[in-house]
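Working notes, beginning with the structure itself.
Chain lettering (A, B, C and D) follows the sequence in which the chains are written, and residue indices restart at 1 in each chain.
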Amino acid sequence: MSEHSATENHRPNYLLIFGALFVLTLIEIGIALTGIAASAQVVILLALAFTKALLVALYYMHLKFEGPIIRIIAAVPVLLVLIVILIPIFDVWIFG
Amino acid sequence: MGGLVPGLSTIAGPIDQIFMVVLVLTGIAFVLVEGTLIYFLIRYRHQEDRKATFIHGNRRVEILWTVIPGLMLFGLAVFQYDTWIAAKIDFPPESASEVISVSANQFEWNATYAGADGELGTTDDIEAPINILHFPIGKPVIVKLESTDVLHSFFIPVLRVKQDAVPGRPSEVWFEAIAEGEYELACAELCGLGHYRMRGFVTLETEEKFDAWLEEIAARR
Amino acid sequence: MTETAELSFVRRYVFSTDHKVIGKQFLFTAMGFFTIGGLLAILMRTQLAWPWQEIPIIGPLLYGEASGNILPPESYPALVTMHGTIMIFFFIIPILSGALGNFLIPLMTGARDMAFPRLNLASYWLMVPAFLLVLSSFLVTTGPASAGWTSYAPLSILQDAAPGSAMGQTLWVLSLMLVGTSSLVGAINYITTIVMLRAPGLDMFRLPMTIWALFITAILVTFATPVLTGALILMFFDRSLGTLFFAAGEGQVILWQHLFWFYSHPAVYIMILPAMGVASDVISTFSRKPLFGYKPMVYSIWAIAGLGFIVWGHHMFVSGMNPLLGITFMTSTMLIAIPSAVKTFNWLGTLWRGNLQMQAPMLNALAFVSTFVIGGLSGIFSAATPVDIFLHDTYWIVGHIHYVLFGGSLFGVFAGVQYWFPKMFGRMMSNTAGIYHFVITFVTFNMIFLPMFYLGAFGMPRRIADPYQYEMFSGLQGTNQFMTYALFVLAAAQLIFAFNFFYSLFRGKVAGKNPWKANTLEWTTDSPPPLENFEEIPTVYRGPYEYSSPLVAADYLPQDQYVDGTESPRGMPAPAVSPAAGD
Amino acid sequence: MNPMPGVGTMKFAMWLFLASEALFFAALISAYVLLRLTSPSWPDVSELLNVPLVALNTSLLLISSVTMVYGFASIEDGKQSRLRLYLIATAVIGTVFVSIQAVEWAQLIGEGVTASNSVFGSTFYVLTGFHGLHVLIGILFLVLTIFRSYRGRYSQAEHGGVELMGLYWHFVDIVWIFLFTIIYLI
């Protein structure tokens, strides 16, 4: 498992990942500049940001090659972060 | 609550009923658990020559005592939805209600009543003296709450009404009083050194008396 | 012991990296803060019993001639605030997680120390400036923080909203940031230790409940505390730089409540779960019987922890939070009562057909169970949203929280301290004194806090310096006086405990390795344990609760004792020569 | 006994720490999102903020993640001097990032946006400020790591410190990915 993460065969192509991140960033800026509907913009931009974050976590932080415990430690905050951010929005903004 | 404070609004009955239902259910649970505890303490007290039973648990009773309280608690939750909705979500139409604005600040309550035009926020609004609130009975009352400084809480025990007054975020509370009398309004959210004396005087009275009182304070101005 | 002798006094007792010394440092400081918090409670209850009256001796000493030797009105909210803050952040959390957690985790998992001893040292020394800050706030001319332990904005934001909202609140915010950081550092250390440093054969499902509880508590701390730290930083900026996060108008007042309770509801479980673990261990040991339903007990803690993150809105039913959200929070709150009920039933199941030894730790653990039941059941009333409209911010809530945190956590602390005292200091506390202390505390505790439900049902609001201003509460003074008298007795009874504790430190009966004939690993080493805990790291062959096992004649079977022909630990060969049975 | 061969205690603890950091930023982001949604007077960020400059800065931070991860790969292969080179590059890029942010702050303050005169200002400075602080702390630890690598503390077999450094650095990068999106683009 993770013992082998240090070996060559598990080393992803870091430059390729960077290329993807860079292109995604360009797409993000492009979308922000175009005049498509604001709500669609928000959804697409958040999805792109999430994809970028996932790429960094999976490959640069080697999450892809970690065992289940580290993956759980990484996954739980994602859920909790969503709760912290969403419930006040539900309270004040959506239900107003 | 629990028969200690009279319930003088339409919502008081359902709320007190839920209180009594919870009281009975938790009372039964309380007696059963503490009774069992005391019985076990006596029945299984230490004896030198006895060895405790070597048992690690029982799957069937675990399921039983998870599912039964679970169903009861879930049922209890569903049982309250209607009352909560009636108390805080389903407001009566403003046209059929007495709409009153109450502004809280350190450490006083200021009620404003609609004048002859029946609308708040107009020039003929009537400001009641500080800490004096009159509400008609037999007619829904909607109180528009606001605070100008810190949090306060609009608490009239006999009406089963409590709502925080949040600065920058107006809130509303409604009730329909069903009996006449003189009662008190307490601030229930810590608001500073004078919190304990942030006391309002509530008069519940018939619509005629209420209207007469409004005219009287309007004239006094 | 020879290694310790080589270290200087400072390295050994002040800046020690030994988890046992750090645990004791937490223990002694927490006891100090318990005293301060208790004295604040006495002042508060004196005011409630005899409002605005001159208090003999204490009045002139504390309030001085200027205020006529009488409690000034602005001091009452400060008393309330500091009592809550000190008891929660400087007593219960440090004594459960800090003292018991530090002392027990390596011992009960068969480790030589924490995973990161120096980080552990840091976690105590981050607390020290917090202690100083919170104590110094009593010396500020405008007085300590007075916006409640919840410090709701904007009372806590506007410097001139209350005397305590000036300098006192700043000190409060800073000290809580330090406490939070200390907890976080400790929690990461605990989790790592429990996951990584367990003795051979000690599977997760062979851990004692105390360790399970401390483990899950640490997880709650790791995920919840940073949100409080974030909120405190925003509050600090609002107060110092004039940012507008919680300001009325452009900011969102209610945001503070969301962020605060996102931490502070899990924090309630941070304060009770370790006590549940202690109660489980103590009850099983003194019942001489395996813990009933070990795995359901573990799963219950997980369930409480998980649900604990989605119930915080039940503190905000009448706060102006949207009532639709109230429905979801009410439902999740009802559900979180299920695992608590399961735990209670399993404690009863443990007693069933046991052989109950009524010693002081056991009595306190039983008090934990019986009062936790009241605390839990009273919570169902305030979880019921329509009823909470009335009960919110009344003495019902005060009664509820004290049945959970005093009746629950504090009796758990009494049980734990008396149970592990022999391991900490090598001597026994007096059982007789312990029983006296228990009986008086238990009786007076109920005399103080049971009437609170009565006051709450009357609608008497909390945090009110003089309830008798209100005609509707003027009849309640007698009840309040009764409670205050009971508090005086309860406070006096704590002197028995203090005397028992300090006398036994020096004069108590020498304990020996395993005075309670218990199974878990800490009892296999010396009392007090040597610097690295174990001469040899023990090998674990079974779960922690094999009392009255038919495998051996004695009514206990330590985790590290090999019995021929029984299951060997996973991946471990059976020892060539089995150690002698018995101890 | 180590129940999870291959996962060092330090790495385990680092992940826990980062998880808690995520919740810390969640509190700040929660405040940002809520205030933005409810504010009656949120400025037009595309006009107020220098988005092209910050886009450049974002790319820099992404590049610094690449140099960081190559540093880690170098020491995995036992290449000491390349490790140092990459670490230094990372620290330098990080410093440039913070400097550009400082320039951006100076511009904004010049335009009269302060932390206390609008909720936009409050949230902007606090969010970018705490991220910048994390970058600064990262740079400090990078310097320490560089120093330690000159002392020969890392080898092909033993380079946990570099891995932890990388985890932290990439985490800070992830935070920026979200902050850039929600503050500058949406």
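Assume a residue touches a chain if its C-beta (ideal position, glycine included) is under 8 Å from a C-beta of that chain, and two chains touch if they have at least 3 such contacts.
What you are looking at is a predicted structure, and each value in this text was computed from that prediction instead of being measured.
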Most heavily contacting pair of chains is B-C
Relative to subunit B, which chain has the most distant C-alpha mean position? D
Geometric centre distance via CA averages, subunit B-subunit A, whole Å: 45
In whole angstrom, how far does the Cα centroid of subunit A sit from the Cα centroid of subunit C? 38
Give, as an integer number of Å, the spacing between the C-alpha centres of subunit D and subunit B. 48
I'd like to verify one number: the distance from the centre of subunit A to the centre of subunit D, where each centre is the average of its C-alpha atoms, in whole angstrom. 15
In subunit C, residues with contacts to at least two other chains: 195, 223, 227, 250-252, 254-255, 258-259, 262, 324
Out of subunit D, which residues touch more than one other chain, so two or more? 4, 12, 16, 19-20, 22-23, 25-27, 30, 34, 38
Multi-chain contacts only, two chains or more: what residues does subunit A have there? 69, 76-77, 80, 84, 88, 92
Please give all chain pairs that are in touch with each other. A-C, A-D, B-C, C-D
If we count contacts the way the header does, which residues on subunit A are in touch with subunit C in the complex? 69, 76-77, 80, 83-84, 87-88, 90-92, 95-96
Residue ranges of subunit B in contact with subunit C within the complex: 1-2, 4-5, 11, 14-15, 18-19, 22-23, 25-26, 29-30, 33-34, 36-37, 40-41, 44-47, 50-58, 61-62, 65-66, 69-70, 73-74, 76-77, 80-81, 83-85, 87-89, 106, 147, 149-151, 153, 155, 157, 160-164, 166-169, 171, 183-184, 186-197, 199
Can you check the complex and tell me which residues of subunit C touch subunit A? 195, 223, 227, 252, 254-255, 258-259, 262, 309-310, 313, 321-322, 324-325
What does subunit C use to touch subunit D in their complex? 115-116, 184, 188-189, 191-192, 195-200, 222-231, 233-234, 237, 241-245, 250-252, 255, 258-259, 262
Where on subunit D does subunit A make contact in their complex? 4-7, 11-12, 15-16, 18-20, 22-23, 25-27, 29-30, 33-34, 37-38, 46, 51, 55, 58-59, 62-63, 65-66, 68-70, 73, 76, 166-167, 170-171, 173-174, 177-178, 180-182, 184-186
